[in-house]
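What follows is a group of structures, each given as structure tokens.
Both complexes below contain subunit A, partnered by subunit B and then by subunit C.
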Partner chain A sequence: MNSVLGDRRTIIILLGPALLLYTLVKVVPVAWSLGLSFFEGNSLRGFEFVGFANFVEFAGDDAALQSVLVTLRYALLATTSQVALGYALALLYVFVLRRGSAFLRTVVFFPMVLPGVATALLFRNLVAVGPNQGPVNDLLNLLGLDSVEFLASGDLTLATALVMNLWQSMGFYAVLLYAGLLDIPEETIESARLDGANGLRLVRHVVLPLSLPILLSSIIFSFNSTLKVFDGLLALNNGGPGTETSPLTLYMYRTAFEYAEYGYGSTIAFVLTLLCLVFTLAIFRSSRRKVED
Partner chain B sequence: MAQVLPTQLERPVDPSREVRPARRRRQRRLLRRIPVWLSVGLLLVVVLYPQLWMVLGSFKTQAEFLADPTWALPDRLYLDNYVTALTRGNLAVNYRNSILVTVPSLFLMITLGLGAAYALEIMVWKGRNTTLLLFLAGIMVPGQMILVPLFIAYFRIGLTNTLWPLIITYTVMGLPLVVFLMAAYLRSIPREIFEAATVDGAGPLRSFFVIAVPLMKNAILTLSLVEFFSVWNDLLIALTFTTDRDLATIQVGLLSFSDEYGQTEYGPLFAAISINIVALMILFVFLNKKIMAGLAGGAVKG
Partner chain C sequence: MPTVPSSRAVGVTATALLTALSLTACGGQPGSGDGDDAPTSFTVLSANEHASMRTDLDALAAGPCAAQHEALPLEHQTVAQADVVQQITLLAGQGALPVHYIAGTSQVRPDGDLGTAGLVLDYQEALTEVGAWDDVLPAASSTITNVYGHMVSLPYQYNLEGIWYNKQLFAEHGIAEPQTFGELMAAADTLQAAGVIPFTAGGSDGWPLTRWIGMHIVREVGPQALTDIRDGRARLTDPAYVAGARALAEMAEKEYFGEGVVSRGGDQSANLFLTGEAAMTYNGSWMLNDINDPATNQIGPENVGLMPFPAVEGGAGSRDHWAANAGTAYAMLPDRYSPEVGDWLACIAGNWGSQALSSGSLSGFRVNEEVADVPAPTAMVQEQIEQIDQTVLWFEALFDAESNSLASTNVSLLVSGQMSPEDYMADLQESIDSNAR
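Our next item is the complex of A and B:
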């Protein structure tokens, strides 16, 4: 029987095309890109081997360091806020609304499927000032405050991007964590309640520790997607004002494809990959230590 | 989902309270419910109002945009904005391109992914775990890591002025997750089914088409939906490999449309964004359970 399920021809027919395409379009380019990060130039000008010069340049490049900071700031704040708010929503769904949460779950989830570009353009108009002032500033005026030009400042642009990110993804994290909360056995909670744990104490001492694994997966997933933020910040304010909110991904895109610096662009892509790997491993490690304690 | 946990956030029932009249207890419960309903209401407004505002705005004339307050309703259903966006704004072409890219990408991704997952999970051979790991590693590598070499390669092969670079890249970008999740689904099918088929004389290819594919119908639909959103909503790859305005997908089109008209003509831009919102909303209304389960499941396992 195993000789039939081990038939070489079938394996080649079924696996071959996928493996070939994957190798040619993913594995080889990754190695190629790694190699390119030690070169300078582009395909028109030609390439020149420069050793570690690109990495040295990166360490002293203010624009690069600024983009690393933007990426880290965005990823940290976005991850914390979206997982926290998602968890709060999940608690609301499970413990307060219970059976009635299906509609709310669905409605709050919906923005997640909208394209980042459309959402960013929507928020651009929501916070607009000038002849076609958006509702956010109208609300501020209504409260007696002056209009704020959100997209004229780097900090306020980042804040807008974070709110936009929350608006788009809180429902997603809520559903993710909601599924995790439902997995907690009913008896566990019931017995904790009989022991006198209620409300916030129940959440802190019983529900939270039991949902740590799913919270951990959410945090890792969230970091991995927010470190790669691209469409949101590009479409919201073009990485601006200036380059104040330009993340690593946008800096890489511009370096490689607008300034045609293929070598240096590959170096930036490599740094981004390292950043994702380091964060994932770091979260894994710190959590394992906590569990062991 | 219908599994509902009991009343944890409420106090345990104090026996002395049982004596109180039922009416007062009901009132107390209603009072306690007010903050809950207020926060639910606020949540709904925060989520829905921006979308509603955008769609309503798409029916306004330029004069209404400039003269009326932003929350005013449009005077009538003014459809010119949509016509402008689709024709002069080139969005009809963008939509055509997006469909021409998304459909083949999804087809290739699912077909190749399912075949590979079957070979890796059901077939027995040396090295299958290593190969699965190789696919898995792909999930961890950001797309930026392959853009420059692919850009050079597509240019040299001469694919630059076609939609092929997008189709090929999307297919490969989606493969790791599809292979991984398909393998996980296949693992949940009892192996005895395939072994019994083999005993009955079915070759492995036949088992694949007659047993695995029909059993995987649900997984195929779910993964197609998940990957549909990641291909349709992508900007990075589309922006990198689109050199010609007439090959731009909807996201690239929307971005350049906003640069060209967004600052002065609000109606067409609002219409362009609204088409996106409404089209996806219709899809979501019909398939929300599958979409939500698929996206959340893909995140946890991936």
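Our next item is the complex of A and C:
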């Protein structure tokens, strides 16, 4: 076997097709998009080389910078809440419910299989106001409060989007972290208990450090998916009111496909890729430091 | 000993191959696929959402245009309305546009991507040549020329826009059809005091609210108000223009639109009007589908009236200038235009008016064959359309795509009091200026 895998020609034959396919569907479009960032125009009007002009424009584009802030705000809040709640659920499954957690795991995971647009429409109706008022405002009225038009406010739209995201994804992170927690040897937990570590102390000093690798993976997963949020915010309130909840992905979509500005749209996509890369590297570096500590 | 190419050589060869493949895939001449070759079918690319258009074209192919269909068979292609600009840009870039195709408003203008590339046929010239220009209603050609800058779309739809009102509610509260904006606001006060929602609008779509701004401006400044903005003779920050945004903001502040207008959808809004909960709604004649449907119209078609946007006191505009639109742009490729395509064009112009009316919709073509059993509200609007010579544009009609989108998205901030009328108009003007550069 060693002699086969040691032959360079065999390696090329075995890896070549997959590598070629990967290059065609992944590397070429990404490189193409990066190249377009230095051009202005579209496939019909033609492209004109503009150097770094698109990047300069981005730096002075208020709408783009607002979209960056919306994206970061959403990603930070969504990642924190979904990983924290997912971790809490995983602890509940492992240490409280134990073998009886299967039903709850399934129920909490279920929203994950729903399409994002369907979930957004569901939440749109939940917070509706007016003649077809949704249950959230019904509840407010029941408590003696006035109805609130959630989708007329940027903060309340974002809050609705975060709750929606949490409802949909916390089950996934709970299952992911649950699998990580199951890997912690029972003897280690038992010996910590014999040493007097219980409850929060056990979690803080034993469970958390041992589940750190899977926790960091979850954070990286979560950051990368929430930085690229698109369908939820589009279907919930079309990035509104105004552009107050318009993330970078939506701004990129509108620029490239509604205004047919492929060059500037590619620049926005490149910035988004950089954001994902920076966050992922930052998390990796911090995790390495923790391991070294 | 077998020779193995160096990894560097493999990498360079692979890169060159991929680049060549990619360039080949994306290459092509703008326009049609077969250059100057005559088409072998009359292929129409329409929006998925325009199912009735395909049905009516099929009806023509089976009936009055059967000879044209035999000479050049009708075929359909579809695209999602939201993807029109993207798809048309792509198809045109690859030289794969069909003969007759849907397009984005700004694309077909003389300075638009399709207009500049010479990919839009001048219908006035073509229809005159085949002797069918008189089949296009003057109001429809006026609207198309105003919006697109030249006659590059066919008026498959023609929609009058105005204020639909509940005649019964008006009678109950002693309200006569308002002639001025002041009278309209007084009527709204009366209705609100009686517990009726004065106006409804599908605010989540944006445009049902921006129409109020545009019509107020047109009545105050005159019918040229929006072309003045396009041509740089006026700015949206001028007081008479800001007054339009302020009028809408004040209506929202007085809660004339009822609770939840920002997130209200178009269907919900129509439902409020057709169940008698709201007394008025600004909308287009496409609303006739719901008005003529007994399942949705609970107030009865006889209780539905349509009035033009009222005059603004002291303004230069006239109440007689109805706002109208001719639906989505449907262009034709000049280099695929053949005598057979011309025959199709003449047949559509001569028969579409009657065909559309028999299906319950209105078009900008003359109704040459009498259509029986037309519902009364539809007949009323059709009659009105035939009497109109001059129409005015809606607010965003002449804006570039980005400013158009901004007008619709920011209006939710305006009506919820989070943005002042001055800031709303200043933002829009800034967008128009930056896109004009």
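A few notes on this one:
FYI, the second predicted complex is superposed on the first by the 268 of 293 C-alpha atoms of A that agree within 3 Å, B and C clash if a C-alpha of one lies under 4 Å from a C-alpha of the other, contacts with A are read in each partner's own complex, and residues count from 1 in each chain.
Please note the rule applied: a residue touches a chain if its C-beta (ideal position, glycine included) is under 8 Å from a C-beta of that chain, and two chains touch if they have at least 3 such contacts.
Quick caveat, the model's predicted, so the values are computed rather than measured.
Once the two complexes are laid over each other on the shared chain, residue contacts for A:L14 go to subunit B alone; subunit C is not touched. In the superposed model, more residues of subunit A are touched by B than by the other of subunit B and subunit C. When the two complexes are overlaid on their common chain A, residue A:V28 makes contact with subunit B and with subunit C alike. In the overlay built on the shared chain, the residue A:L176 is in contact with subunit B alone; subunit C does not reach it.
When the two complexes are overlaid on their common chain A, residue A:L121 makes contact with subunit B while staying clear of subunit C. When the two structures are aligned on the shared chain, A:T106 is found in touch with subunit B, with no touch to subunit C. In the superposed model, A:S217 lies in contact with subunit B only, and not with subunit C.
Shared-chain residue A:A90: touches no atom of subunit B or subunit C. When both complexes are overlaid on chain A, the residue A:V70 reaches neither subunit B nor subunit C. Looking at the shared chain after the overlay, A:L162 reaches neither subunit B nor subunit C. Residue overlap on subunit A between its contacts with subunit B in one complex and with subunit C in the other: 8, 28, 32, 43, 124, 131-133, 256-257.
Across the complex, subunit A is touched by residues 1-6, 8-12, 36, 39-40, 43-44, 46-51, 53-54, 57, 65-66, 69-71, 112-113, 115-116, 118-120, 122-125, 131, 134-135, 138, 140-153, 155-156, 168-169, 171-173, 175-176, 179, 194-195, 198-199, 203-205, 208, 229, 232-233, 235-236, 239-240, 250-251, 254-255, 258, 262, 266, 269-270, 273, 276-277, 280-281, 283-284, 288, 291-292, 295-296, 299-300, 302 of subunit B. Note for the complex: subunit A touches subunit C at residues 8-9, 12, 20, 23-24, 28, 32, 42-45, 124, 128-133, 147, 149-153, 237-244, 246, 254, 256-260.
Across the complex, subunit A meets subunit B through its residues 1-2, 4-8, 10-11, 13-15, 17-19, 21-22, 25-30, 32-33, 36, 43, 89, 92, 94-99, 102, 104-118, 121-126, 131-135, 138, 167, 171-172, 175-176, 179, 182, 184, 186, 189-190, 193, 196, 198-199, 202, 214, 217-218, 221, 224, 228, 230-231, 234-235, 249, 252-253, 256-257, 262, 265-266, 268-270, 272-273, 276-277, 280. If you check the complex, the residues on subunit C that touch subunit A are 2, 4, 10, 14, 18, 21-22, 26, 30, 83, 85-86, 88-90, 92-94, 104, 107, 113-114, 116-117, 204, 258-264, 268, 272, 277, 400-402, 405, 409-410, 412-413, 416, 418-419.
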